[in-house]
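In what follows, structures are represented as structure tokens.
Shared between the two complexes below is chain A, which pairs with chain B and chain C, respectively.
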Partner chain A sequence: MGKKILLANDHIEGIRFLDTYRKHGGYASLEKALKSMTPEQIVEEVKTSGLRGRGGAGFPTGMKWSFLAKPEGVPRYVVCNADESEPGTFKDRYLMERIPHLLIEGMILSSYALGAKTSYIYIRGEYFYVARILEQAIDEAYAAGLLGKNILNSGFDLDLHVQIGAGAYICGEETALLESLEGKRGNPRIKPPFPAIAGLYGCPTVVNNVETIAAVVPIVNEGGAAYAAIGVGNSKGTKLISASGHINKPGVYEIELGVPVEEFIYSDEYCGGIRNGKKLKAVVAGGSSVPILPTELILNTAAGEPRLMSYESLGDGGFATGTMLGSGGFIVMDEDTSIVKNLYTFARFYHHESCGQCSPCREGTGWMEKILHKILHGHGTLADVDLLWDIQSKIEGKTICPLGEAAAWPVAAAIRHFRKEFEDFIRNGEHVNDVKHYYRLNNLTAPIN
Partner chain B sequence: MAKVTIDGIEIEVPDGTTILQAARMIGGDIVPPAMCYYSKLKTSGGYCRTCLVKVSKGSEKDPRPMPKPVASCRTTVMDGMEVLNITSPEVLEARAGVVEMLLLNHPLDCPVCDQAGECHLQDLAYEHGKAETRYEFPRREFEKIDIGDKVQLHMTRCIMCFRCVKVADQITDGRVHGVINRGDAAEISTYIEKAIDNDFSGNVIDVCPVGALTDKTFRFKSRVWYTKPVDAHRDCPTCSGKVRLWYKGEDVARVTARKDTYGEAEEWICNSCRFEHKKTSDWVIEGPTKVDRHSVISANHYENLRLLKASIDRQRASLPHGDKVDLGTGALNPNNEEK
Partner chain C sequence: MSEKTILKFSDETAAIAKKIVARYPEGRHKSALIPLLHLAQAEFDGWLSVPAMDCVAEFLSIQPIEAYEVASFYSMFNLKPVGKCTLEVCRTSSCWLNGAEDIVRHLEKKLGIKEGQTTADGMFTLKTVECLGSCGTAPMLQCGGDYYENLTLEKTDKLVDSLRAEGKARVYTNDNPVNID
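Right, the complex of A and B next:
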């Protein structure tokens, strides 16, 4: 059984409420920090812990915090990015639903460490009921003197607000989130300046994922070194994985970074194997935007070593043979899955969510969707596969924000690893394994091309 | 001051200058094209991605190259920076890709478009685009909208450069002009099709790089290449009064702001000058306009086509040379200097 840190108490009934949460050790780290630690010490602990951003990019949190500009007389903000919109990712929702006080405690600690007097939780519009839960928890915290003026008699003041988005994937991008939070249209800003210099209302701002901020609580409680002892290589601590797809036990799992992928998929502790005894075909390891990998590459690296659930191991081999841990949206596909259909779904999503600011993404995402739609409806040609490849290369790296890459990578990876399936689909129609129920088109008619 | 090298040409520029501005200081063919950047509008640029360049050396302090191509209009130079524009095949490839994307949903209705002949997208497509499109789906279409009685918005042609939004934000008062919807359904709009009603609203026509915002008093009156540009001024209580008149025969077909080499208005003009003073007697004529690079057609582009093509090919093949092809204009030279 792997060590659980964030979700250690999630099975306890009533952990959502302050009384129960405190009974099980809640807000102990806050008391410890406010009474015996300086803000700098907390930042040091986070640096020592090796915690990396859990939202997807995996940037070291301690380093991000130390970049925060600290000009005199200018307020600083801590913003929690709870706009969890990546298809296949639902870990933050689980965390906020079950243990909202963990996030609030993390927010108070982070704000204390970074010197923020006002902090925000920006939550996606579809999570309105989660926002209610958070607001309820915040009210409890205010009533208990854990928020507001002079928290626990330490002289530290903090106001915490929950802001609900209007339902846009792009608002999960940190600068678009800040624009949205300011009440503007949620378009990503052009960087530099980075939010650490000029973020919310032009003031220095740190934007962190829900899970990252929650992880500050155990780091302060048990020390950065204890947190760093968990995990493998530069992937420290635990990570919440949202497992979905054709597995026996979909759900949110807290893993120690470094668990072998094979164990994660097949062991009863985690996913419990592929549903209906089917074979594994492919895995999208970190939310829809990371490259898809076929069975042989997800279980083992190109060098033949077993692949682990960690930033480095999943990234081994670059995008040619590797992928990314991303936000931990682990989507498993069995042998009956059509990669073409799956890719169309992803492409449609990115087309729908493109903000329309810069041209390659605005026009290119729609173009890719249309081509995939055409292939899916049997009108594709082999040249379309090459065209898709070319379009994605024209989008990747040419846009303001990472949405361009997020739209391009799945297309690139699907064609890189499953080109034959695309060609089969175009020549013969949908490929279906279960021949008892379906005939492949080429059994009946000559190939179209 | 910072020293920056663009395509092998070194120039010293003040700190805070963007790569694009530095390239414009050098001039010539190494200047990246810009469809959305407008030096007179704050926070403009960064959207169209046509000005992407490759930074092969970040700075003297940190010589690492930048991993991705950057928008030269929004990236400030660092001391010792080395930038590749037309000497990098990667940049030209990326730019061709962007041009293709910009043209993807553009109706290509140039034969009936008032902007044809002075359209930046035409120039851009001519220089960097491909001869045919690979897009085979229906293009997006919008209804034409009148914003005010003098300006028409034809979103179908829009390339979402956001310049008019910045004009409405920064030059005119009252923010009623913006973007609605998102992705490729995004459109420029005014608040419930409200007219933009103020003295400087006509400037959105001048900043529009394509034919999305057109002057209704000039619609379908003439092709721009049949009109002759003349610089003129008048005493205007609202604006500087420095304008460009476009003559068709003896008549002033339209009035616009004076534009520089890069198609940017030198000074904003008011609606009264633009729409209501269309008689020669309203103006003091200064003389014919020297048209430089502004339009492929007004600069006799097609006559000098082979020359320019050879010049571009030469530049792409080797280091850029400083020669600028001087393209004369056939502008009108009116004798009545004072009237």
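Right, the complex of A and C next:
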């Protein structure tokens, strides 16, 4: 069994409520920090821990925190990114719904470390019921003197609020999130300045993912060095993986970074193997944005080394033969899956979610969806594959925010690794050797808007 | 010429709205716009008519266009009337791999409408939506803030039948019970 840090207590009945959470060691980190640590010491522990942003980018959290500007007399903000919308990702929802106080404790610790007096948790609108769970937990924390004025008699004040979004993937991009929190359309800002200098209301702001902020709790409690002792290479600590698709046991798993991919897919401790005794065809390892890899490249690197669940190992080989850990949205596809059709759902997603600010993304995502739609309906030509490739290459790197890359990479990877399947589909007007999905494709009648 | 319709929050909703506005620093009350549009949508029949958006703009002392441009950006805001219950079926990768399309086609048949349409009796609107973060419990649909997961055609039938029997509107409101396993 791997070591669990964030989800060690997720099975305990009533852990959602303050009493039970405290009975199992909850808020011990906060007491320790407020009684015996300076804000600078917490930042140092986070740096020592090697914690990296768990939302997908993997940027070192301690470094992000150390960039925060601290001009006199200007408020600073900590904003939690709970806009979890990357297809294949549902770990933050699980964490917030099961152990909301872990996030709240992390928010108080982070706000203390960074000198924020007001903090916000920005949660996607569709997680409406999760927002209510958080609000109930926040009320409990206020009533117990864990939020508000003079927390635990430390002299530290903090107000924490939940802000609800309204359905926009783009608001997971931190500057779009801040725009949305200011009551505007979620159009990403041009950077620099980065939020650390000019974020919410133009003030210095740190935006961190739910899982990142929750990880601050054990880091403060056990020390950064203990956290860094878990994992492999520059992939320290544990990671929540959202496992879905054609597996026997979909769900959220906390892994020690460095678990072999093969073990993660086939062992009963995790995914429990491919459903219905089928063979593995491909995996999208880190949420819809990261390159899809066929079986042989997800289980082993191009050099033949076993592939591990870590930032470095999944990235081994670059995009030619590797992928990314991303958000940990692990989508598994069995031998009957049509890669073309799956890619269509991704392309449709990015077209729907493009904010429309940058032309390459606004137009390119629409074209990619249209071309894939055309192929799916039996009207594709072999030149369409090259056209798709051309379009994705003209989006990547040419937009204000990374949604452009996120839309381009899945298309590029699907063609890179499954070109023949696209060509077979086009020649035959349908997915080849796939009875089950052939049925579904014939039932695909929805017109494209 | 008909008179311009003017909508106002109920006292109860206005009290909630005031509390929300108090979450932000002075002069930053526009931050309450999205939460208040949710309130308006829940109060005014599940969609945001121009008078409903005007009501929010008036409450926040901002220009109506500021409310319109935000309402039109976010996919959870309905700018056209919807049925009492909006069935929002997730259609992205993991849900598709697990048969979301079959659920949509089944609902279309059962309700006698196409996705995007509302039944003649005004009871149901059928929508497909992008990933709702329920990939491990796919396929799924959302209705009025509640998640219905691990759907089968039978479970979908049961849900529709029970919603129809209930006959009540399902909106995102604070009255929804919090129920997790």
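The rule is short, and it goes like this: the second predicted complex is superposed on the first by the 430 of 449 C-alpha atoms of A that agree within 3 Å, B and C clash if a C-alpha of one lies under 4 Å from a C-alpha of the other, contacts with A are read in each partner's own complex, and residues count from 1 in each chain.
One rule holds for everything that comes next: a contact is a pair of C-beta atoms (placed from the backbone, for glycine too) under 8 Å apart; a residue touches a chain by one contact, two chains touch by 3 or more.
Please read these numbers as outputs of a predicted model, since none were measured by experiment.
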Partner chain(s) touched by A:A168 [first = chain B, second = chain C, both, neither]: both
Partner chain in contact with A:E353 - chain B first, chain C second, else both or neither: both
First (chain B), second (chain C), both or neither touched by A:K3: neither
First, second, both or neither for A:K23, with chain B first and chain C second: neither
Touched partner set for A:G397, first chain B, second chain C, both or neither: first
Between chain B and chain C, more extensive residue contact with chain A: C
First (chain B), second (chain C), both or neither touched by A:K35: neither
Contacts of A:Y127 with chain B and chain C, given as first, second, both or neither: second
Partner chain in contact with A:K279 - chain B first, chain C second, else both or neither: neither
Touched partner set for A:K149, first chain B, second chain C, both or neither: neither
Chain B/chain C common contact set on chain A: 168, 185, 352-353, 355
Residue ranges of chain C touching chain A (in the complex, touch as defined): 23, 25, 28, 30-35, 37-38, 66, 69-70, 73-77, 91-94, 96-99, 101-102, 104-105, 115, 128-138, 142, 145-147, 172, 174, 176, 178-180
For the chain A and chain C complex, residues of the former touching the latter: 16, 75, 84-90, 92-93, 97-98, 118, 124-129, 132-133, 136, 159, 161, 163-169, 180-186, 201, 242-246, 250-252, 284, 288, 329, 331, 333, 337, 341-342, 345-346, 348-349, 352-353, 355, 440, 443-444, 446
Interface residues, chain B side, partner chain A - complex: 46-49, 52, 67-69, 71, 74, 94, 97-98, 100-102, 104-105, 134-135, 137, 159-160, 162, 178-179, 181-186
In the complex, chain A residues that touch chain B: 168, 170, 185, 190, 351-360, 362-367, 370, 387, 393-394, 397-400
